[in-house]
Amino acid sequence: MVRIGIIGAAGLSGRELLYLLQHHEEISVELVTSSKYQGQKVNDVFPELNSYTQIFQPNETDVSGCDLVFLAIPNQASLERVPKLLNQGLRVIDLSGAFRLRDTEVFSKYYQLTHSAPELLEESAFGLPEFFREKISAAKMVANPGCYATGALLGLLPLGELLGDLDRPPIIDAKSGVSGAGGRVEDDVTNYVSVNENFKAYKTFSHQHQPEIQQYLEDLSLYRSANTGEVVFTPHLLPLNRGILSTIYLHFKKVVSPGEIRGRFSEFAESQEFIHFLGAGVLPDLKMSVNSNRCMIGTDSDQTGKNWVIITSIDNLVKGASGQAIQNMNLMFGLNETQGLL
Amino acid sequence: MVRIGIIGAAGLSGRELLYLLQHHEEISVELVTSSKYQGQKVNDVFPELNSYTQIFQPNETDVSGCDLVFLAIPNQASLERVPKLLNQGLRVIDLSGAFRLRDTEVFSKYYQLTHSAPELLEESAFGLPEFFREKISAAKMVANPGCYATGALLGLLPLGELLGDLDRPPIIDAKSGVSGAGGRVEDDVTNYVSVNENFKAYKTFSHQHQPEIQQYLEDLSLYRSANTGEVVFTPHLLPLNRGILSTIYLHFKKVVSPGEIRGRFSEFAESQEFIHFLGAGVLPDLKMSVNSNRCMIGTDSDQTGKNWVIITSIDNLVKGASGQAIQNMNLMFGLNETQGLL
Amino acid sequence: MVRIGIIGAAGLSGRELLYLLQHHEEISVELVTSSKYQGQKVNDVFPELNSYTQIFQPNETDVSGCDLVFLAIPNQASLERVPKLLNQGLRVIDLSGAFRLRDTEVFSKYYQLTHSAPELLEESAFGLPEFFREKISAAKMVANPGCYATGALLGLLPLGELLGDLDRPPIIDAKSGVSGAGGRVEDDVTNYVSVNENFKAYKTFSHQHQPEIQQYLEDLSLYRSANTGEVVFTPHLLPLNRGILSTIYLHFKKVVSPGEIRGRFSEFAESQEFIHFLGAGVLPDLKMSVNSNRCMIGTDSDQTGKNWVIITSIDNLVKGASGQAIQNMNLMFGLNETQGLL
Amino acid sequence: MVRIGIIGAAGLSGRELLYLLQHHEEISVELVTSSKYQGQKVNDVFPELNSYTQIFQPNETDVSGCDLVFLAIPNQASLERVPKLLNQGLRVIDLSGAFRLRDTEVFSKYYQLTHSAPELLEESAFGLPEFFREKISAAKMVANPGCYATGALLGLLPLGELLGDLDRPPIIDAKSGVSGAGGRVEDDVTNYVSVNENFKAYKTFSHQHQPEIQQYLEDLSLYRSANTGEVVFTPHLLPLNRGILSTIYLHFKKVVSPGEIRGRFSEFAESQEFIHFLGAGVLPDLKMSVNSNRCMIGTDSDQTGKNWVIITSIDNLVKGASGQAIQNMNLMFGLNETQGLL
């Protein structure tokens, strides 16, 4: 049994971790923390998490009795806590954005924070198991990917060297449910009357997941922003709870046949438990992936064969956050990668 | 032209006043206030109110250049402001709950406030035009009814002396959209993820509109709580923006024929521009009244003829607040009662 | 391993059965049928049911290789199929309303059908495990309860003999998500634009779950409609996918203390895995039970101590249909009652 | 008073026409038709259209007593009816797609219909008043634009000759509420449970509004598909009733300054009553335009100054259909262009 601690267990990602772990047979949740609810029983605060009778501890609680700690706290808090946990010899999965970007200047620009632990960036594994399985398995520290980055990268990276034939940067028009767009109790951004029956773009050309997509796309493919320009990424806020649909526009410098594109995705999907590639003429919707760890992928092209649309759907709280974190945990502890996940 | 001031014009009721007044041809909006947005132009803050180029003034601004002032501010603020406005010789329509209950002890119990201007309670008119048209027309000060009270009273009072034949108190099971249940930016009560795909009752046996329904029901009918007990009222929060549907359960001590019930409502509806009584077998839904000042009413009974259900639907921001306020204004200034309203 | 067949596996209840059974470790789904999708693979039609590679068979397919057959087909179809299945020696859980009402005249009135197999009514078990556990365990045929009936009965029956002290019939004001109100592809009843941002009552005094509530309430408590009148039941349609909240109004002829009421529910909840009774001052919302087999219960009373409100929430597709069906299956086959369920 | 007939008055666009015309003071609705509701009173079928006591006539009814006929019927029905109405000397505004595309082959490909009245294509005016005001004013027949085409063209055409500097075709990622995506009672496309909490793309590279955008963009700007490729257009279905948000991606071959882009839109907005250009840093959302005839426009660029995003929001039933039709009517009959519209 892997002994687990969850720091920040009462936020949306933390709660989703608790929800999903109910189906996992090889872990025990030893310790949960919440600054807001410390001292209260989990299932009193969240009756839907009925099987949890633990008491929320303060965030600062010592977690050294755990084998693995999930951090589901803000970026700055993760920046400070991760080094301490690693020093204690604990293994960590960090759901914040603090350890995903290699370039600390880019980090500062997009996160408005100074990076206080750059020495950990190299040894952290980026928790996208479909592409970093080995590194994750061996890692002390996994930086769990951003939800938008997960949806975008899973629609791009399977194309492999074909991405070297792009003559324009990918344009990623992404739409997220409220829980993926900062669905916390805040100002009026996520107030019901503001969101319901409404839709909008936000953070155009400035969202912190753009450099994350950019970095791993360059790392793992022949796409080079120096040649074709930076990835264009626009997030939008959908009036629904969960799910991210990413509509990705690609333009190749030569004709690419449906067979080539579909072959790449099919092959990828066959080798990856949580990736599903839809048949010709079928496009994913959010329903296909919500409440599961699946990424659904569909494609279409125009008559020229140069313009392609790749569409991916994920549940931002599962494959885009807590489900993927569990998938990473399974790898780190040598468990079946799909254990506890649908 | 009636010169209008709106204190608290940036809240939900204030904005709805502004929206509706765009269709009114005999008023001019002289002055709008907002503590949050003071100094900003209305149509910069709310692009959908495009025709308003006024600047939001501080709430304390002198409004003595107006003929009529709408107050769309919290109860305590209204309690303090109304006496001052009346002393200045202004006419006032107060959308808060501060001047609706005659009994200041009941007021204290339900509003957790001490009433500082009890002398104004008698001279205020209760702004339910269908039953207080004359008093409103002559009033200096109108206490605009609560949204739930409007929906409930319009389903009960048309029954007239039949209410003397109830052998049990009315049970009012009311369901409101978020804008009627305190849809302001607050804690997590109206957070999107908390409300969407969710539904719940709140303030059982303790909502402040219960004594309002109770008081006017006793004033205007033969129903007596001393005989049959207090009105039972349960509000619920619907995952939608606007509208209140009230399902009212009545039990008569003798058989009441469909003709009797339907006759009362038909007669009432014929004499009231904003009341519509639906044909046999038709029940109202929210769509029928949202974005209008209408109250839709439908009825049904069981085989015994003693159990009746009366269902009313209104738009909580229109007939339940700002539309009714404009209807009251029309009466106060001798305009056509329906001017500017649908 | 229990070998399972599902007739009508592509409807909402059938799909939910498939979804939930993914977590069940002691069954194998041998056979699924669908008239609409026959010949197609389950996970092609419903990508979210990814683990199912079975082909939908025609509804008439021979299911004799199964140990248990779930029927998730219309009432008339169940009426015809159940006798045949029982004659084949199969065990059956019927999710339709065909075998719930003892009185075939009442059945005819509410279902507009003639009952063609009245001989099976007595031997069928009513599948509400909290009250019929033994009969279910031994049954060849279980009539799975209606969704509204489940929500209402679980809020009433735990009160036991206290129900003999009611001096008026219970009033049940129930609100259901679209999947519980006939969320099938039909005329405009469940069309998006008709339902979204809307709310209404339907089938007042005529819904087929009223006699179901009535019958089991009389069977299992001291409540007698002959004394106080028939249960009043009004269903409403909520603009959301899942969940039923039932607001139940009770009036006792004598004062009942909070301790008495709360004691009954606490005791009941302690002995039943899927029943949760909320602490004083807490009322259930749908979120607490959606996607689980739980029924959440909360209560409140007025100052007289005679007026009580009992509120229950369930997921209409889980505890109100397919989850409860699995709970019944577990009982029938001697499995852990909670196996596969949350 | 303009005497108006509406053929197909009970569909979504027809009903919206009726709703909006309640505020118009210089028209009288002489005649409304509906095949589904013929013989019934409008306000019996649609209680929210309370002021209409007309009886729905059959669609084939003679409308020769009208000055203007709105057609809100399917494409094939418009194709057949329009020539007859023009032959009777009536003026017509057709809300279908039958007379928008100049090229009958393109029409056949996208509409799967043979064009039976190509001789009318040249004399029809395309009803986008901001660009075809004169032709509309003089027209006998106006082809009211498609909802997506309206949202896209109003975000592109104001850029004028700058569009000649594009080195790639515009990519239009559009998201529409259900009423704009065929919100009629149909198969499961618009079924509540299918749409709610869901989101998807549809008709990639094949939607009939793509050639409409393409044609008018080439007609009115220096953009040439022969040089840079065809406009890429992807519609998506939002879980809400009304509104279209179009995110338009442009890439210029040279740096374009914010001043240039913003100057174009500002100038355009100043001269057009229903166009509003948002200040720097502000992006439109649907709330800003829903229930009005307004198009809201916002822009942003990346650091290179070559990548631009233009975002427009409209109400698909108002500016995207019935409001724009009324705007066209106002022009055709010499009325104030904004009469009856917000």
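Of note:
Going in written order, the chains are labelled A, B, C and D, and every chain counts its residues from 1.
Operating definition for what follows: a residue touches a chain if its C-beta (ideal position, glycine included) is under 8 Å from a C-beta of that chain, and two chains touch if they have at least 3 such contacts.
Everything numeric in this text was worked out from a predicted model, so none of it was measured.
In terms of C-beta pairs in contact, A-B outnumbers the other of B-D and A-B.
For chain D, the chain with the farthest CA centroid is C. Chain A and chain D have Cα centroids separated by 38 Å.
Chain geometry summary: the mean Cα position of chain B and that of chain D are 37 Å apart.
Centre-to-centre, using mean CA coordinates, chain A is 46 Å away from chain B. Residue positions of chain C with contacts to 2 or more other chains are 194, 196-197, 239-241, 284, 287, 290.
Within the complex, the chain C residues that touch chain B are 168, 171, 173, 175, 194, 196-202, 204-205, 229-230, 232, 234, 236, 238-243, 245, 247, 249, 251, 283-287, 290, 300-304, 306-307, 309, 311. Chain A makes touch with chain C in their complex at residues 22-23, 44, 47-48, 50, 197, 276, 278-279, 284, 287-292, 294, 296, 342. Residues of chain B that touch chain A in their complex: 12, 178-179, 183-185, 187-188, 190-197, 239-241.
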